[in-house]
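Multiple structures are listed underneath, in structure tokens.
One chain, chain A, appears in both complexes that follow, with chain B as partner in the first and chain C in the second.
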Partner chain A sequence: MNSNIIVGSRIRLARNLKNQAFTNNTDLESANNVLTSVFNALSDISNFNLYKCKNLKSDVLEEMLEDHLISSELINNSDISGVAISADNTVSIMVNEEDHIREQCFLEGLNLKRAYDIISDIDQELGASLNFAYDDELGFLTACPTNVGTGLRASVMMFLPGITLTNNVQEMVNAVSSFGLCVRGAYGEGSSASGYLFQISNQFSLGKTEEEIVQLVESTALKICDLEIRARKLLLDNNKDLLTDEVLRAYGVLSNCYKISTSEATELLSKVKLGADIDLIKLKDCSVVSELLKNISPTKINKLSQKALTEIERDKFRAEYIGRVIKNNRIY
Partner chain B sequence: MNSNIIVGSRIRLARNLKNQAFTNNTDLESANNVLTSVFNALSDISNFNLYKCKNLKSDVLEEMLEDHLISSELINNSDISGVAISADNTVSIMVNEEDHIREQCFLEGLNLKRAYDIISDIDQELGASLNFAYDDELGFLTACPTNVGTGLRASVMMFLPGITLTNNVQEMVNAVSSFGLCVRGAYGEGSSASGYLFQISNQFSLGKTEEEIVQLVESTALKICDLEIRARKLLLDNNKDLLTDEVLRAYGVLSNCYKISTSEATELLSKVKLGADIDLIKLKDCSVVSELLKNISPTKINKLSQKALTEIERDKFRAEYIGRVIKNNRIY
Partner chain C sequence: MLCDKCKQNNATFHSTVNVNGQVTETHLCENCAKGNKLFSFNEFLNPALSPFGFFDSYEEPTCDSCGFTLSDFRETGLLGCAECYKTFNSIIKQSLQKIQPSLTHVGKKLNDQTGLSDSEKQIKKLEVELKNAVNEENYELASEIKKKIIALKEANNE
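Presenting the complex of A and B:
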């Protein structure tokens, strides 16, 4: 059940080079020196693909953003920024984002500890060849005070339709805040929750060890998991007919519509995903729904069609693509 | 194309017996005498099933009403009223409705002349054994002055989604009125148009011969047909994408939903019917849509389920029934 609710885990470490101005306060030459140093160090330690952002087309950057491999801040800094991505897309290291270095590892399900081990190994190798800004009292120094200390952010992406549909989001946010954690939409700070997706992460990285932070986020995620299971049960007890109808209609529209926007498709696919999770709809293959959710953005649809489509062309292509994948998948 | 637009034709003759009080001004004994006389005359001339309304269960009456075989006024008069229905359900003769006798014939498509011939033959046979109230100057005498004269109402049921969706209903009503005809919803006076169905009929039955009235309604129906065809073309020219999407989504919801009301099902089925008419959706068998439209009322669903269902049970049964009939009918 957990894997239907905890979609993925992410560990991020923020690092900066000693005696170099922070990215927001640098000049082009210093920034390029940082980029060169980090790329050199990275090319020594592992099999990363290295990209300078200024060399990447905007649709490639957009797709990396959608896949959470880079941030919009990295795109904003594209004259000086770069990214290193592992062959399996589970590790990305951004250079000249808010901090000089942001090391990230993404794994499916609840997997924070393993993600931390992976990124920690890379961090140690990098630290051996680069000189990180570090204060014996404060820990790692970062551009933003909230990241000072461990420089660690541990986060889990959670699929919470039950909590959302029973109107318990605010209650969950309050509970999470009381543990010193915070809740965000799927695309980080300031983004709203789409498709019932929420990111739970630590708010501060000072005053706790890395292990304590990972442990706190993991245990909180498991508590929210319980809340979500209870909320889904409540929905089934009180609104089963309505919910079943909404799930089946969502499937009907997805498998037959002529055009559909990203946001409507996300909403409807998320409903079908919920329905499949709690047995309101039987699908031959549930994984296609999760796959579709990752592949219907404007960027992905353009890529799939191998054309730069207009919005209306894209909405038709998306409808046709979803219909082709999802229809005949329902078991009656 | 006409048969997709002109759904059916109806001819109705109003007759009263000489020297008998009109139904709205009668007593029980006189009314029963009328019923007996008419039933006796009917049993001589053709193979009708004769029903006294007071002997019929309310759901049977309700179903006859939905099938247009009787009127709600006949049900209101059920202590004294009756109906004779031909074996093929194309002829019904109501007794002690607003008038003593209302003779009706229903045929599919544009078929007013044939319907008139059928009802006229029956009327002559009835007139040979009953003494109709008739005035040499005015013609047949009726309870309501609008029916005096021929006592004839000729009407066609038309499916007008094009005119409706291009917001031209009022314009059509005005044009029809200027010919001395009127427009009503599917269930006669005061009923609203559901499923894009409209009834076009003559307003007065005095001052024109029967043949002239039939001719006028028929030629007007053909003119409206042209308007509807033009409106559908306009929709396709200006809103093809939107309309296609609505039609396909309607099909998707109908073939997958878990519960659905009569009115929503009527709306969605009518959209699919329109879509099939103008090739926005390809169906293996279009006739099932028209069949469903006749069979989804509460009364019909109760009958089909062989139970007296609650409203929510009926909405589920209806969804399941429609889904079973309509799904796998779309050709991609």
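Presenting the complex of A and C:
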């Protein structure tokens, strides 16, 4: 059940180079020196593809953003920024983002410890050839003081329709805040929660070890997981008919509509995903719904169609694509 | 009393400003007072912007290393370089106290970064510098760095 609720885990470490102005206060030459130094250090670590953002087309950057491999800040800095991506797309190292280096690892399910170990090894290798900005008292120095110390952000992405539909989101946010953690939408700072997806992460970075932070986020995610299971049970006990109707209506629209926007498709697919999780609808393969959720954005639809479609054409293509995948998947 | 500015309406805003002992009184009507702000809250809160004489000696804290000012930090929430942590130390610590459980780093130390010895680390760093020099086609520098690497490697083998 956990894997249906905890969608993925992410670890991020922020690092800066000693004796170099931070990215927000740099000039073109210094920024390019940072990019070159970090890329050189990364080229010693195998299995990374290195990209300078200015050499990438906007739709490629957009797709990387949707896949959480880069941030919108990296795109904003595209004249000086770059990214190194591992062959399996689980690790990305952004260069000249808010900090000179942002090392991040994404793994499916609840896997924070493993993700931290992977990033820690890479950090160790980078630290062997680069001089990081560091202070004995404050730890690793970052452009924003809210990241100083460990430079660590540990996040888990959670699918929480039960907590949402039982109107318990605010209560969850309050409880999580009291542990020093925060709740955000799926795409990080400033983003809203769509498709019942929430990101739970640490707010502090100083005064605790990396292991303590990872442990705290992981144990909180497990507690939220228990609450989500209870909320789903409550929904089934009290509102089964209503919920079944909602799920089957969502399935009906997705199977038969002529055109559909990204946001409507996300909302309806999330309902079908919940329905499949709690057996209100039987699907041959539940993972197709999660896969569809990742592949219906405008950028992904354009890529799939191999054309630059207009908005209307895209909505029609999306409807046809979802219908084709989902219709053959139901067991009656 | 008539407004000092338009000389038509009654003055309802009265102010006395003492600049280095020189007292200036101003009497304005409502309309002229709106268009002739005596001071703004922003100026009051940020002494560096203040026109008042008693702040004449105020020098805004500025990072010697990167030129970043306290106003830059307040405006963006970001620092300009690692040295800014020293320049704005007390202000940073005040804000960190609100969000961090403690002000002392207890996590991974810089020296934990690698199990390599100091000279091995030095070699690694020089190898990166060597690559940079070659990329920049600065072969003179590259040759110097290469000599240093060879010397360090030989010393390690002794």
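The rule is short, and it goes like this: the second predicted complex is superposed on the first by the 332 of 332 C-alpha atoms of A that agree within 3 Å, B and C clash if a C-alpha of one lies under 4 Å from a C-alpha of the other, contacts with A are read in each partner's own complex, and residues count from 1 in each chain.
Please note the rule applied: a contact is a pair of C-beta atoms (placed from the backbone, for glycine too) under 8 Å apart; a residue touches a chain by one contact, two chains touch by 3 or more.
Predicted model, so just to flag it, every value in this text is computed and none were measured.
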item: Which of chain B and chain C A:Pro145 touches, first, second, both or neither; value: second
item: Which of chain B and chain C A:Leu248 touches, first, second, both or neither; value: first
item: Chain touching more of chain A, residue-wise (chain B, chain C); value: C
item: Partner chain in contact with A:Ser129 - chain B first, chain C second, else both or neither; value: second
item: Touching partner for A:Ala21 - first (chain B), second (chain C), both, neither; value: second
item: Contacts of A:Lys208 with chain B and chain C, given as first, second, both or neither; value: second
item: Which superposed partner A:Ser177 touches (first chain B, second chain C, both, neither); value: neither
item: Common interface positions of chain A, toward chain B and toward chain C; value: none
item: Touching residues (chain side chain B, partner chain A) in the complex; value: 241, 244-245, 247-249, 251-259, 312, 316, 319, 327, 330, 332
item: Chain A to chain C touching residues, read off their complex; value: 16, 18-22, 24-25, 33, 36-37, 40-41, 43-44, 98, 120, 123-125, 127-141, 143-146, 148-150, 152, 180, 203-210
item: List of chain C residues in touch with chain A within their complex; value: 66-68, 72, 76-82, 85, 92, 95-96, 99-108, 110, 113-114, 116, 121, 124-125, 127-128, 131-132, 135
